[in-house]
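Chains: A, B, C and D, in written order; residue numbering restarts at 1 for each.
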Amino acid sequence: MTSRTGRHFLQIPGPTNVPDQVLRAMSAPTIDHRGPEFAVLTTELLASLKPVFGTSGPVVVFPGSGTGAWEAALVNTLSTGDRVLHVETGHFATLWQQMAVGLGLYVDFLPGDWRHGASPEAVAERLAADTARTIKAVCVVHNETSTGVTSRVPEIRQAMDATGHPALLLVDTISSLGSIDYRHDEWGVDVTVAGSQKGLMLPPGLGFNAVSAKALAASRTARLRRSYWDWQPIIEANRRGFFPYTPATNLLYGLAEALRMLRAEGLPAVFARHDRHAAATRAAVHGWGLEVLCADDREYSSSLTAVLMPEGQDADKVREIILERFDMSLGAGLGRLAGRIFRIGHLGHLNDLTLAGTLAGVQMGLQLAGVRIDPGGLTAALDVLRAE
Amino acid sequence: MTSRTGRHFLQIPGPTNVPDQVLRAMSAPTIDHRGPEFAVLTTELLASLKPVFGTSGPVVVFPGSGTGAWEAALVNTLSTGDRVLHVETGHFATLWQQMAVGLGLYVDFLPGDWRHGASPEAVAERLAADTARTIKAVCVVHNETSTGVTSRVPEIRQAMDATGHPALLLVDTISSLGSIDYRHDEWGVDVTVAGSQKGLMLPPGLGFNAVSAKALAASRTARLRRSYWDWQPIIEANRRGFFPYTPATNLLYGLAEALRMLRAEGLPAVFARHDRHAAATRAAVHGWGLEVLCADDREYSSSLTAVLMPEGQDADKVREIILERFDMSLGAGLGRLAGRIFRIGHLGHLNDLTLAGTLAGVQMGLQLAGVRIDPGGLTAALDVLRAE
Amino acid sequence: MTSRTGRHFLQIPGPTNVPDQVLRAMSAPTIDHRGPEFAVLTTELLASLKPVFGTSGPVVVFPGSGTGAWEAALVNTLSTGDRVLHVETGHFATLWQQMAVGLGLYVDFLPGDWRHGASPEAVAERLAADTARTIKAVCVVHNETSTGVTSRVPEIRQAMDATGHPALLLVDTISSLGSIDYRHDEWGVDVTVAGSQKGLMLPPGLGFNAVSAKALAASRTARLRRSYWDWQPIIEANRRGFFPYTPATNLLYGLAEALRMLRAEGLPAVFARHDRHAAATRAAVHGWGLEVLCADDREYSSSLTAVLMPEGQDADKVREIILERFDMSLGAGLGRLAGRIFRIGHLGHLNDLTLAGTLAGVQMGLQLAGVRIDPGGLTAALDVLRAE
Amino acid sequence: MTSRTGRHFLQIPGPTNVPDQVLRAMSAPTIDHRGPEFAVLTTELLASLKPVFGTSGPVVVFPGSGTGAWEAALVNTLSTGDRVLHVETGHFATLWQQMAVGLGLYVDFLPGDWRHGASPEAVAERLAADTARTIKAVCVVHNETSTGVTSRVPEIRQAMDATGHPALLLVDTISSLGSIDYRHDEWGVDVTVAGSQKGLMLPPGLGFNAVSAKALAASRTARLRRSYWDWQPIIEANRRGFFPYTPATNLLYGLAEALRMLRAEGLPAVFARHDRHAAATRAAVHGWGLEVLCADDREYSSSLTAVLMPEGQDADKVREIILERFDMSLGAGLGRLAGRIFRIGHLGHLNDLTLAGTLAGVQMGLQLAGVRIDPGGLTAALDVLRAE
C-alpha cells in the first residue's frame, strides 16, 4: 500500500503537527536548570506566554499533561466538600467533572446534549438559585474537543456577574488556546487550563494554569491537599527564573520556539486562519450532504469539526479505512458518541493545502466506506480557501 | 496571508521532500572518514546502492551535484575530439550537450521538439550512418526533468545493438532513479548518471555513476583530463571502505537511511506508487481541460508532469500566485518553455493526500490566475487515487 | 573568554548529557496516542523498562518530574493520617518528607548527618518499637543526590524483615536507576520512584513508579485523594498499549532509544562503568588532598561525588569560576550544605575522556579559586582510568 | 569496554566536531533552490563568507570536497602546459602537485623535509631564476594538515613581489581557514582554496575558492577544460542569489549557522583560542618528553599538532589503543610519515575541557602503548589553559 510514504497526516484534534523548527529546538542539549542561562530562558518564556493567554498575571507551567492542569486548577482553589458547577458539554467536560468528584468535591453537573456549548442562561439560573453561595467555582470547557463545540465564555461570565455570585470561573482551553480567540483577563476567567499539544504546536508534556488575582487569593485558603500542583512555590521560584523541581527543559525549548512563531504570525492572524480552515471544513461537510455535530452556528469550533455519520454507518470504519489507505489519523467519537462521529482536527501548524489534502482523504474514505456523499464537498471547501 | 504556517509544499521535480528520518540521520555527528566505523558504513552503502541502479557493478559516489556526475560520465570514458551523439529531449539534454562541447568533444545533437523522448529509430539511424565508428558514445536523458518525458532506454539500446555499433550508452537518470523503473545492467547501459535530491530523497550534494565493465575498460584509455571525477582511485579506495578524498559524510548517513526506506517499501512498490501518482496528476490536468506537455503516452513521466498553458496565459504568473497564496513551489518552464508550462513534481517521499493537496493548490491557483478550467480536475484525480 | 565554544560540560548530577541519538529520536513527529502505532511503542517500552528496574511487575510512567513520582508513590499507597518513616539522608530526603507532611501523613523523620546513608539498624529499631504496627511505609532515598551517599537498600529490607513489620518500603532511585545496581523485586522494594533525566539519559519530564504486588494491593484501600497520579487507570490502559490521558509522546520516543542503548551496553557493564568513574573521581579528590563528603566507604555513590571544601573556602565561588572560565556546570551544595560542597555528576552518557576533562576543569577551577590542592589529583584519576 | 558511551572524541585535524546547532540547522527541510527564499539565503551567505576569507572579492562555493576546490583553483587560472611552482610541505602539498601534473601542467616541486613550511627565500629564488616568466602560479599549502606546519604566506608574497614576478599565488587553507589568521586581500593571495569540514565546523561537502581580481582576469584566458568547476557561471548566477546547478542546500544552511557562530565569537577571539589550545598541546608534548614534528617555532600550527614518536615506537599502535580504549580518533601519519607520527586536531568547535580530555587520552594511550613519557605533560598543558 502507499500508506507509509510521505508524511503522515495527523489530523486528530491534538496532538497536532509539531513544526520542524519546534522539533529541532527541542533537540538542543539539556542544560542545568539551576544555572544563569536557564533563568534567562524561563523569564523570557513566562513573559511570552502571557499575551497568548491574554493575561498580565502569572501563568504556571507544569511538567505534565492537560489533565494535570485540570487537577491543578481544582486543588489550588478549592477545599474538600466545596460545591462546584460543571457543565456537560461532552466527553472531556464529563471527565473533568469525574475528577472533581474523585478529589472530594460536591459537583453539580448541568446536563447537556453534547451538541451545544455551556448555556450562559442555565449557568446563571443555577447560580441565582444558590442563594447560600455554596458554589465555589463554575467549570467550563471552552472548546469541547470531543464535539467541536465552543462555549461562549464571555457570555457565561456576564451571566455570572449578573447574578452577583462570587463563584470562580475555571475554563479548560486545552484545544482552543493559540487557535481560537481567548482572553483570560478581559473575559474575567479565574483559572485557565491549557496543554502544550494543540494550538501551542508542541508535543504533549506541559500543562498550564493562568491565574487571576482572585484565584490566587483563593489558593491561600483552599485546603485540598496539593504538592506537585501547588502554584505558590512555582510562582515564587519563577520570580528568579527557576522552578521548585526539575522542569521539562527540552519541552520549554520547543515552547520558546512555538511562541516565537505565534508572535511572528500574530494572534489575530492565527485566529483568522483557524476560522477560515473551520469554515472550509464545514463547507466540505455540508457539501457532502452530511451534518456537523455542533448544532448552534454561534458555537462552531474553529479548531476541530465533528462529523455526524448517517444512520447505520460506522464512523470508526471510515477512520480505519482512511488510516489504512491514506495514512491519516482522525479523531474517534468518544463516550456516547463512539462510532457515531469522527473528528477532523484543523488546528495548530496547518495550511490550506494540507487541509485540502485532509478533506480529500476524508472524502475518499467516506466513499470507500460506502457512505453516500456528494463529491462536491471538497470543491466547496476549495471555494472557501480560494476566496481569501 | 496563511502562506507560512504548516509545511511548505515542495512540489518541484527535485529537490524533493526529504523524509524526517533522513534529515535526522544526516544530523548525526560527523565521524573520522578514515576509521573502521566509516569503512563499515561505506561498504554497506555501496552494496545497497547496486539494486537501486539495477547493477552488480560499481557505483561511484561523488561529493557534488548531478551536473558533476554528468561531467564524470564524459571525462572517464572519452578523449578530446571524440564524437558523441546527444539527443535533444529538452533543457537538461541541451545543457549536457553544451558541457560535452565545452569539454572538447564533437557533439552531434539529434534535434527534438521537447515533447517527445529520444527516438530509438533516429539514434539507430545516426549510428548506422556512422560506418567509420567515430561516435564513441550516445548520451540520453532517461527522464527529461524540463518536460516530463521519459525516453524508452531499452528500445534505444536494442536499436543501437541492431546496428552493431560499439558506442557506449550514457544515461542521465537524475529525475528517474528511485522513482521510475530503471535497470542499468539489464538494459545495457554503460554509465548511469544520478543525483541525490530526487528519487533518493536526500538533499542535493551527491552525484553517482554506475559503471559497466565496458565503460570501465573505456576509462583506461580515455584521455580527457580528470582528477576529482576520476573513477579509478575511488573504486580502488572503496574496496576497503574508504574514499581517496574526504567524502560528504553526513549526506552518506542520509543515503543509508533513504536506501533503507526504499528497501522497506520495495522498488516495485515504489515504481507503482509513482506511476499511480502520475496517472492521478494527468487525470487532473485532463479534467481541467488542459494539455500535458508530453505528446506520446508511452513516454509519460512518472516523476513529474509538465502542464501546457492555454495560449496567452503566463505559467510563471500561476506559479507566483500559488507560491504566494498556498506556499507551494512548482517547477518553472525552462529555456524555450519559459512561461509556457509549469511542472508538478510528484516524486520522492510523497503520498496520496499530499498529492491531493498539491493538485488542489494547482487548481485554485489556475482559477485565481484567471485560467478557465473545469474544477472537476481534482475530483478526477481523486477517482484515480481512490481506485487503489 | 573561551567559555562558549565547544560543547558545554554538564557535570551536575542530573539532568545528564542526553545522547545525540536520544535527542534525534525525540525529534520525530508526534503521532496519534490512540492509534495502533502508539500501542506498539508503549507495549515495547513498558516491557523494556522492567529489567532496568529489576522487576517483573508493572512500571507506571507519568508525564511529570521525579517529584511527581514521589507524590504518586505516597498517594497510591497511603491514607490521610497514616504514619510513615522517612530517613534523613540529605536535602532530597528532607523534601520528600516535607511532601509527606503536606499530604497529611504523620512523619517520623530519622535524623541523619548528611554524610551517611540510611542506617538499617536505626530503621529496624524504629519498626521494632512500633508494636502497634502504625507505621505504614518506610521511605528511603537510595542515592542521595545532595550528598553522593548510597544507602544499602538490601540491608534495610533485611532489617525490616527481621522485625516482622509489615510496612511498605518506598525507595527513591532518581539518581541511581540506570547507573547503580538496583533490583526492585530481589530487594523487596514496594514502590521504586524514578525520573527520566539521570541514568536514563533523557531530558526531564517523565516520572516512574515500579510497583510491587503488595503496593498494588495497598493502593486498593489507600485513601489519599489521587487523580492524575492514580496507578489503576494507567495500568489498566497500558494493557492495550495506551494511557488514560495524553502521554508525553516525544519523551517516550527518547526513552525507547535510551533503553535500547542501555540494553546494548548491558546493565552490568553500565554499573561497572559508573563504579569506575566514581573511583577515578574519588582518586582525584583524595589526590588533591580534599575530602569526599560521604563518610562511609560502603556508601560511596557511583553516580556523583560531593567534595567538601576546606574550612573558609566557598564552594559556590569555585563553581562560578569553573562555569565562567571552563563552561562546566557542577552541582551546588543544597540546604545545610550550601557553599560547603560542590557535586560532580559522573552518571549517564559519559566516557573516560569526558570525565578526565571534567576533573581537569575542577582541578583548574580549584587552583584559580585559590584553594590549595595537590595537582597530582588528576593524574591519580587517570591512573584509575588507565588501569582498565 | 567503556569505549562507546558518551560522546566520541573526534580529534583528527578535520572533519572537526560539528556543533549541535549546525547539525540542527542542516536538518531543516530542503527548499526550492530557484525560489525567492533561497536567493535571500545565498546572498547573505556569500556576504558573510567574505570576512572569513579576508576578502572583498567573490568567494565561489562548490558542492564538493576541498580536493575539488584545489582543482577549481588550477583549472580556472591555468592552461595546458603552463608551469607552476608547488612547494613540498608534506603529504597534501604532494597530492596537490600530483593533481597539477595530472591536469597537464608542468610542475616544479620545491623539495621539503615535511618539518618546515614553504621557504619564502626558496620561492623567491625560483621565481627570480625564471627570467622568462614561464611560471604562471605558485601553489602553497598554508597549513599542512599532514605535518602541523603553517607556512608564512605574507612573507612568501613579499618575497614574490620583491622579484617582480607576475605569478599568481594559490593558497590551500583547508585546515587553517576559520582557525588561523588568514587574509586573502591583505596578503595578496590570488586564489584561496578551502573546505567546509575544518575551521568552518561543517561536515565535508563544500569547497571554496576566494578569487582575486587578477585571478579572475586570468580565468578569462585560462584554457584548461573546465565545466563543473568554472567560476564564471557561478559568480554570474550568484549575483541574483542562485547557482547554475543544484547547490548543496542543507550544507548551506549549516554554513549560515557556522558563520553566525564565528561572527558571534569574533575572528580575533577564534584565532586566539586556537593559538592557546595549540600552545597547551605543545606544552603537553614537551612535558611528555616528546618532540613536535614542526621544526620551526615560527611555523607551529594552531589547528593541529603532529607528535613524533620515539625511535622504534609505532604511532598507529598508539592511535589504535586510544580509539579502542578511549573512543578517540587521532590523525595518522600520512605518506612518508606513516607510523612515525600521530596528529592531534585542536581546531573547530573545541573548548578547554575537551582539549584537556583529549590530552589525557593521548597521555594514557602513550602509557598503555609502553611509550616512556613523563606524566607531567598533561599538567603542563593545564598550566597553559589555566593561565589566561
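Going forward, a contact is a pair of C-beta atoms (placed from the backbone, for glycine too) under 8 Å apart; a residue touches a chain by one contact, two chains touch by 3 or more.
Composition by chain, UniProt nomenclature: A, B, C, D = Aminotransferase class V-fold PLP-dependent enzyme.
Since we're looking at a predicted model, the values are computed, not measured.
Peer 1: Check C-D, A-D or B-D against A-B and flag the pair whose interface repeats it, over half of the contact pairs matching by residue number.
Peer 2: C-D
Peer 1: By the contact definition above, name the pair with the higher C-beta contact count: B-C or A-C.
Peer 2: Of B-C and A-C, more C-beta pairs in contact link A-C.
Peer 1: Validating interface symmetry: for the copies chain A and chain D, is the fraction of residue numbers used by both over half? Same or different.
Peer 2: Counting shared over all numbers used gives more than one half: same.
Peer 1: Where the centres are mean C-alpha positions, what is the separation of chain C from chain D, in Å?
Peer 2: That gives a centre separation of 45 Å.
Peer 1: Taking each chain's centre as its mean C-alpha position, how far apart are chain B and chain C in Å?
Peer 2: Inter-chain centre distance comes to 54 Å.
Peer 1: Go ahead and note the Å separation of the Cα centroids belonging to chain A and chain C.
Peer 2: Going by mean C-alpha positions, chain A sits 34 Å from chain C.
Peer 1: If you look at chain B, which of its residues touch at least two other chains?
Peer 2: Within chain B, the residues that touch at least two other chains are 7, 17, 20, 24, 27-29.
Peer 1: Please categorise the chain-chain contact pattern as a line, ring, star, complete graph or other.
Peer 2: Graph shape, chains as nodes and touching pairs as edges: complete.
Peer 1: Which positions of chain B touch chain D when the two form their complex?
Peer 2: Touch residues, chain B against chain D: 7-8, 10, 12, 14-18, 23-24, 26-36, 62-68, 71, 80, 99, 102-104, 195, 197, 203-205, 224-229, 244-251, 323, 329, 332.
Peer 1: Within the complex, which stretch of chain B touches chain A?
Peer 2: The touching residues are 2-7, 9, 17, 19-20, 265, 273, 276, 325-328, 349-358, 360-361, 363-364, 367-368, 375, 378-379, 382, 385-386.
Peer 1: For a test of understanding, state which residues of chain D touch chain A in their complex under the given definition.
Peer 2: 20-21, 24, 27-29
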